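Each of the two complexes below includes subunit A, the first together with subunit B, the second together with subunit C.
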Partner chain A sequence: MKMQTTAPSHTATSNPCKLCSPLGACLVFKGIKGALPLLHGSQGCATYIRRYLISHYKEPIDIASSNFTETTTVFGGKNNLTNALKNICTQYTPELIGVATTCLSETIGDDVPQYLREFKSEQEPNARLPHIVPVSTPSYQGTHMDGFHAAIKSLVTYFAAPLPRTQRVVLFPNMVSSADIRYLKELLADFALDHIILPDYSCTLDGGPWDGYQKIPSGGTSVEDLAKLGGFAFAIELGRSPAGQESASAYLEHKFTLKRYTTGLPIGIQATDEFMQILETISRQSPPQAIREERGRLLDAYADAHKYCFEKKAVVFGEADMVAAMAGFLLETGIIPVLCATGSHNGILKAELEKLSCQSGRSLEVREGVDFEEIHDISRKLKPDFMLGNSKGYSIARKLGIPLVRVGFPIHDRIGGQRILHLGYRGTQQLFDRIVNTIIENTQAQSPVGYTYM
Partner chain B sequence: MGTILKERKQQVFRKGEDGFAMACERNSAAGSVSQRACVFCGSRVVLYPIADALHLVHGPVGCAAYTWDIRGALSSGPELHRMSFSTDLQERDVIYGGEKKLYHALCELIDAHSPKAAFVYATCITGIIGDDIDAVCRRVEAEKSIPVLAVHSAGFNGTKRDGYRAACEAIFKLVGTRSIPEVYPYSINILGDFNIAGETWIIREYYKQMGVEVIATITGDGRIDDIKQAHTASLNVVQCSGSMLHLAKLMEAKYNIPFIRVSYIGIEDTSEALWEVARFFKDEKIIERTQRLVAEATHKSMSLVNSYRPHLTGKRAAVYVGGAFKAFSLIKALRLLGMEVVVVGSQTGRADDYKRLRSMCDEGTVILDDSNPVELAAFSLEKKVDIFIGGVKERPLAYKLGIAFCDHNHERKTALAGYEGMENFIKEVYASIMSPVWRLFRRDYAGAPGGR
Partner chain C sequence: MGKTSLPDAAKIKDELLKVYPTKVKRKRSKHITVISPEKEGDSIQANVRTVPGIITQRGCCYAGCRGVVLGPTRDIVQIIHGPVGCAYYSWLTRRNQTRPKSADAPNYMTYCFTTDMQEEQIIFGGEKKLKQAIQEAYDLLHPKAIGIFATCPVGLIGDDVHQVSREMSRELGINVFGFSCEGYKGVSQSAGHHIANNQLFKHVVGLDDEPIAGKYKINLLGEYNIGGDAFLLEEMFAECGFTLVSTFSGNSSYDDFCKSHNVDLNLVMCHRSINYMAEMMQAKFGIPWLKINFIGAQATADSLRIIARYFGDSELIDAVEKYIAQEMPEVEKAQAELRPRLEGKLALLFVGGSRAHHYQELFKEIGMKVVGAGYEFAHRDDYEGRKVLDGLEVDADSRNIEELKVEKDNTRYQARLSAEKKHELEKQGITLNHYEGMIPSMEKNTLSIDDISQFEQEKLLELYKPAIFCAGIKEKYGVQKNGIPCKQLHSYDYGGPYAGFRGAINFYREIDRIINTRIWKLIDAPWKEEEQIRADFAAS
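Moving on, here comes the complex of A and B:
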């Protein structure tokens, strides 16, 4: 096994395979009912992140900014933050404001939690204030995934308090699509589990048309539910946490009496089996017939298509958890993930791929902390049959003359990125059909015969 | 629940109301979801299309990641501008300074890509940690023998407009550093067109037909060598709302090159732009060629206008753009189609821009400065607009409300400038408004929002 994880040999980042942490935090706050994200920093951060998210979700995405000026930068951001909170309350009447910092406010040393305490104490005693949840997301630390997890952790630490035990379940789904979250809700309901999903942007970032303007789109994890977290019986966390960092579910387990389960993203049969096992254990129910049938159909498809897949080579890139899950799924179909790459540098991908490498006895190239230039350089030598990842890989796929199967975030060059289902037997089925058909289509297009059957 | 924030009362007007005095050119209210970006964005937008330069963003990865290949600024040759380069500053760099990293990154990238020049963009963070970007640029310039230009674009240091200015100053350092063997008497620079979907090529072709030499296109399909010799032109023709006005003024002061402001949006303004250039040179042949070009192109475009006008007459539009100059042209262009602009605004208009907008608009039209989604949606619904013309951030807003949309910003893939552009514009407006999907959004349809 080749586990190449040394630091990159160059200084500059060319075509980054990661985004900055405030983006992840904004996404989480978009999954809370009645919430508005506020970025404490320059206006550009909010505008760029809005544009980036809008191009994927095709939904209005309002993110406020405290709009730093030169004066703010010299004297600190307290006034701007205070005014921003007031204006947001006036214009949006939110239930929650998620305040994420930026590189600017972090570097000048703004103490946002202290500013918020002062803000609250300055309001009239009877004033009805929204919940204001701060999260530290300096863009020079980690990637958007770190911002995503940090915002969830902030919400949990803000809300969770000791409460009488209930039988409820909280599921932390990781940064998955709106369709994935809808699927997870359906699945947990199938197991009759009383649950919440944190965050839940299944409707807020993939909803129908509006009758009038909705200042904050409906849907999302409710503040009332978050306030009950301390009494929950179970937490399920999809995806892995970096070593030495306590995830939101680990915090709940440590602080309260909840039982915690973690597993990778359920993509592929084995990974989904593991997830189903957790649901069975918690619910003390075996999977409903419909789910068993979905699993059967997926396995049947694996058999139907195994000859197209065997030892085909794929380059997989994106967020570490997504890449690890995709690699596991590809390996069980006979496709070799010859390169697994991510822009983050926290050991998650390396650890997960080590496990897969041992199981499969395959030599897999794993790169953490890479940019798309490096992915391109390595891919050229590996001669892959296709790429699997977000739309930012398109320019490489085009240069290599191979197809890109689009998964994850962002999908900026297709419609429906928010509706791609990745998870469970059902999501895997859709993915598998797309991948196999991509391989077949490529073969068919290059064949001089032009077979009309497969 | 306030649709319009207290601080913004003087930035929202209706024509016909008393006391019109737009409180523009000021910082956005904290907490308002402004559609504006930052100083860095202004600089990045202007310099982005220079295709044979290295564009290195000195800061954490976000600023570079969000501006990677996001605009439709085409190049006829090199495409280095479509890549995203960043020093990707980490916590230790913020503590110990990023100059060394910048130096190494620059040297490496210049060796790898052999650009004709390099632009180094300052971001919020480099503005704060006190990196001496100018010194690093000077050092690398000396070592690599290409111009290495610092762009002072720390995000918090003003508005997008200040970013334009910083970009113009960086470009100005290049101007005059290269001579050409021949000086053309009838020569211009095209300023402020970014070759979105090939628009600079369309415009350049008109000037070619008129017999006017184009020395440099700044920055659409831009090249460093052309910019270096831009001082040899007789006239600067500046389009857009002032993104390049500062450069024109700098060149006028130093090289005595006069400038004119034009717009290539719509038949009327395109013709006027070409005429202005022809009139400037006072050459009979140029005037004659211009006359022919304008007459033929106008005739062709007008026949399209006439065939579409009956379908579009009476339709109502909302227009929200970056700089107000484009709004003037759009109002005229839409009027030609029989359409009415009922909401109009810009991110960074100036007081005299808004006065002019007011004089152009019909009674009751809502005029906005530095607006936000809540206001834009509220006025679009109130004024029952049929189509919203704006940028990517406004598109989903329009669609959610069941309103057609036309992208007139930098990400589009359709040329909208010149006569060809006007024809594309008409077709797009028609296709958007006439799509049958909006009928399903009608409030009285079962299953539709608020439906039975």
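Moving on, here comes the complex of A and C:
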């Protein structure tokens, strides 16, 4: 396969294909039991990120702010941070406060870890303080994915301490949907693995009505479990980390001799097979019958529908790991991911697509650090049959007159973004049915006759 | 809940404050006002910094400038100078609608341009990248005007968006202007409204002196065309015989702004976000303004009548009466049909800088009671009326927002009304350049709460158990977790329009559907009661 990669053609960004890093950090803290995220910066950051996450998850999402004023920008944010922490403690009595920085506090050079040390030393000796975990997330570096990974790493380095070895497993699921996390929990239970998932926002960001007011919605990885990380036997990391950056699982391996497994997001037969092999190895169990049947059904569906898929062209965009996994899955089905694009710029997508290239003789375009204006320019030439990615692709799909199959984040023009299952044989099955039906529906709609039997 | 059984608002206020530490309690207490029977002395603290750590629904200065005031304008290319987040989060999120005047007229609202600042620009400055961004946007779209919006780090690293704008203006031969609307400025998005007003006034309003044809020339200020409200109002004005020159800024265009100083009267919908523009146009060009409200059928009729009397032309007065007479029967029919299903039910409204006031009209028209209302980012004058303006204390946050010194334009100033005419209007109860605020229209033993916190909101739901809560997307899902429906009045949840007569009918029907849906009755599972019985039995 030839892989075409070109540098972005513009200096500025038109219609960005990435969000800022504090958003990713807030999402991670939403996956910790009893935790409240706090953004150290202008209140607008908290408000914007709340409203954006809420528009996808359709759940209440509280994010506190240290509410910088003009004076704060001159004299530093220590007082604001201290006040914010105190007020959060009295109102919400959280178990953990995740403090993420913003471009504002980073630009003025606030030393948050130092402020936190001072804050703790200023409290009464017996005061019961929540865990306060800082993470540096300047929005001018990287994307929301970098904030996501940085927050996980901060939690792990904060909590992990040497402990006697247990047989427990920690799974780092990557930025997947609430439904995906629920499914992963089910899978790990099927293999009888004693596990935690970090982060676990499967309930906090997709729950039912409340019996009474919940200051912080229930669910999430508990701090008690996090505190035991140092004794865990295994870590599984889904998705790839950028070269030169030590991921949370790599840190645990290096520091505590735990056994680490990494694989791409399990989407498609091959990728899910790889993930299953990891689960088999760790659990020393073969997959249960129900999972084998799911795999069988998915293969059956591939066979049933392959004639509709062959040579269909897809433009895939979004987070690098998600795009790479989707591309692998599409190639299995005969659909060609003619353009694989991401707003991040860290080599993950290129590296993953190069691996895929060994299996295919296709000409694929891979673009990192792109915006939607560029995706649009390239797509016009490639004449895709559909787009696969988040809601922000809609305007291009509309201009090109092709359907958009919604996956990933953000999905704010449909209901149920948090419930889209992407992972495993089961998630792939749902995706595959959706994609094939979209192709058929489009063919049907374009037909002058309007056949009803296929 | 009937009329007599409303809980004591003063007690509810105490409940809301109970959890706070002493200092916060003292502070928040001033933001919660129990409406008294006389209302005269009811005062409230507003437009004051939110305490850090108190989760607020407020946005930032940038949001008010870029999102609210400039956002609905379709043909000014808007470039956000800063890291990527702020641009992304304000990208088409307010659901403003727009309708270009012809098929080939530009609409850039679906675009999101940003300099996407990286660490390199934070360290070495971002002006060069900004210039390139302006050039690239120009090459792509060839707009008549480009607005540059500064986000938090820009002010700190010393980038001068105004200087860059001037340079690029000269180079490209188009109107490029900057907004220093860094997020940390001011108290809330309100600061951004002010900055947006200032820059539009300085750089755009008054550029086109070409006389405008038509009678009864008006601008509509503070109408942002959420859910198509402005479209309905445009039709209404046309049917009554008004000439609507420009709206600030729903369904608006750059050209309309340029000639907006050639009108006879400015109408102000959202006093908070746009009163600066009204005042500056009055001072420079002599255009008086009238506070009107087109949310609520009766309010719409009243507003139209007042405007007609301002012009005083019998032809116009007749046309307005004819229009009201034509529209009202359908409205009354809908009210009669829905009132029995909604009468006496309670509503809470915490939204915006004018909507919490305007929407009370609609609820009253279907017999509902608004027991609590407050703004996110309004000032005291929006609660208590402009009479408090002279006594307002200006704190450090607000002092930093530029107050433009506007003088009479010697050639273009023209007093629209004689002193006698003005006096005559006042005798009829029509006061120009005035707003009474929200509190006078509220009922006694209700609450006005400024910048309500997440915590207070939850407490209110528990204590009032209202039939509906009106706010925005940040509040919506938390409210609904409690089995109480929430209507978004920022974005209308894809509904609307709600303005004018036809909009009112839409709103009544939607509120009926929301409140009387079966969903809320399904919440309790059949086993809940059995489990309770078993638990009680075990306990006994």
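As a convention for this text, the second predicted complex is superposed on the first by the 448 of 454 C-alpha atoms of A that agree within 3 Å, B and C clash if a C-alpha of one lies under 4 Å from a C-alpha of the other, contacts with A are read in each partner's own complex, and residues count from 1 in each chain.
Everything that follows uses one rule, which is that a residue touches a chain if its C-beta (ideal position, glycine included) is under 8 Å from a C-beta of that chain, and two chains touch if they have at least 3 such contacts.
Quick caveat, the model's predicted, so the values are computed rather than measured.
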Quiz item: For the three-chain model obtained by superposing on subunit A, do subunit B and subunit C clash or fit?
Solution: clash
Practice problem: May I ask you to decide whether A:Arg380 touches subunit B, subunit C, both, or neither, giving the answer as first, second, both or neither? | Solution: neither
Practice problem: Look at A:His254 in the shared chain and tell me whether it touches subunit B only, subunit C only, both, or neither; answer first, second, both or neither. | Solution: neither
Practice problem: Name the contact category of A:Thr93: first (subunit B only), second (subunit C only), both, or neither. | Solution: first
Quiz item: With the two structures laid over each other on chain A, which partner does A:His10 touch: subunit B (first), subunit C (second), both, or neither?
Solution: both
Exercise. For A:Arg414, select first, second, both or neither according to whether it touches subunit B, subunit C, the two together, or no partner.
Key: neither
Exercise. For A:Leu19, decide between first (touching subunit B), second (touching subunit C), both and neither.
Key: both
Quiz item: Where on subunit A do subunit B and subunit C both make contact?
Solution: 10-16, 18-20, 22-23, 38, 41-52, 54-55, 58-70, 72-73, 80-81, 83-88, 90-91, 102-104, 107-108, 138-141, 143, 209-210, 213-215, 395
Quiz prompt | subunit B - residues contacting subunit A, complex | solution = 1-3, 5-7, 27-41, 56, 59-70, 82-91, 93-94, 101, 104-106, 108-109, 123-125, 127-129, 155-158, 372-374, 377-378, 381, 392-393, 395-397, 399-402, 441, 443, 448-450
Self-check item: Of subunit C, residues touching subunit A in the complex
Solution: 19-21, 24, 49-63, 79, 82-91, 93, 110-119, 121-122, 129, 132-133, 136-137, 140, 151-153, 155-157, 183-185, 188-189, 396-397, 400, 454-455, 458-459, 461-462, 472-474, 476-478, 480-483, 523
Self-check item: subunit B-facing residues of subunit A, complex
Solution: 10-16, 18-20, 22-23, 38, 41-52, 54-55, 57-70, 72-73, 79-81, 83-88, 90-93, 102-104, 107-108, 138-141, 143, 208-215, 392, 395
Quiz item: If you look only at subunit A, which of its residues touch subunit C in the complex?
Solution: 10-16, 18-20, 22-23, 38, 41-52, 54-55, 58-73, 80-81, 83-88, 90-91, 102-104, 107-108, 138-141, 143, 207, 209-210, 213-215, 373, 395
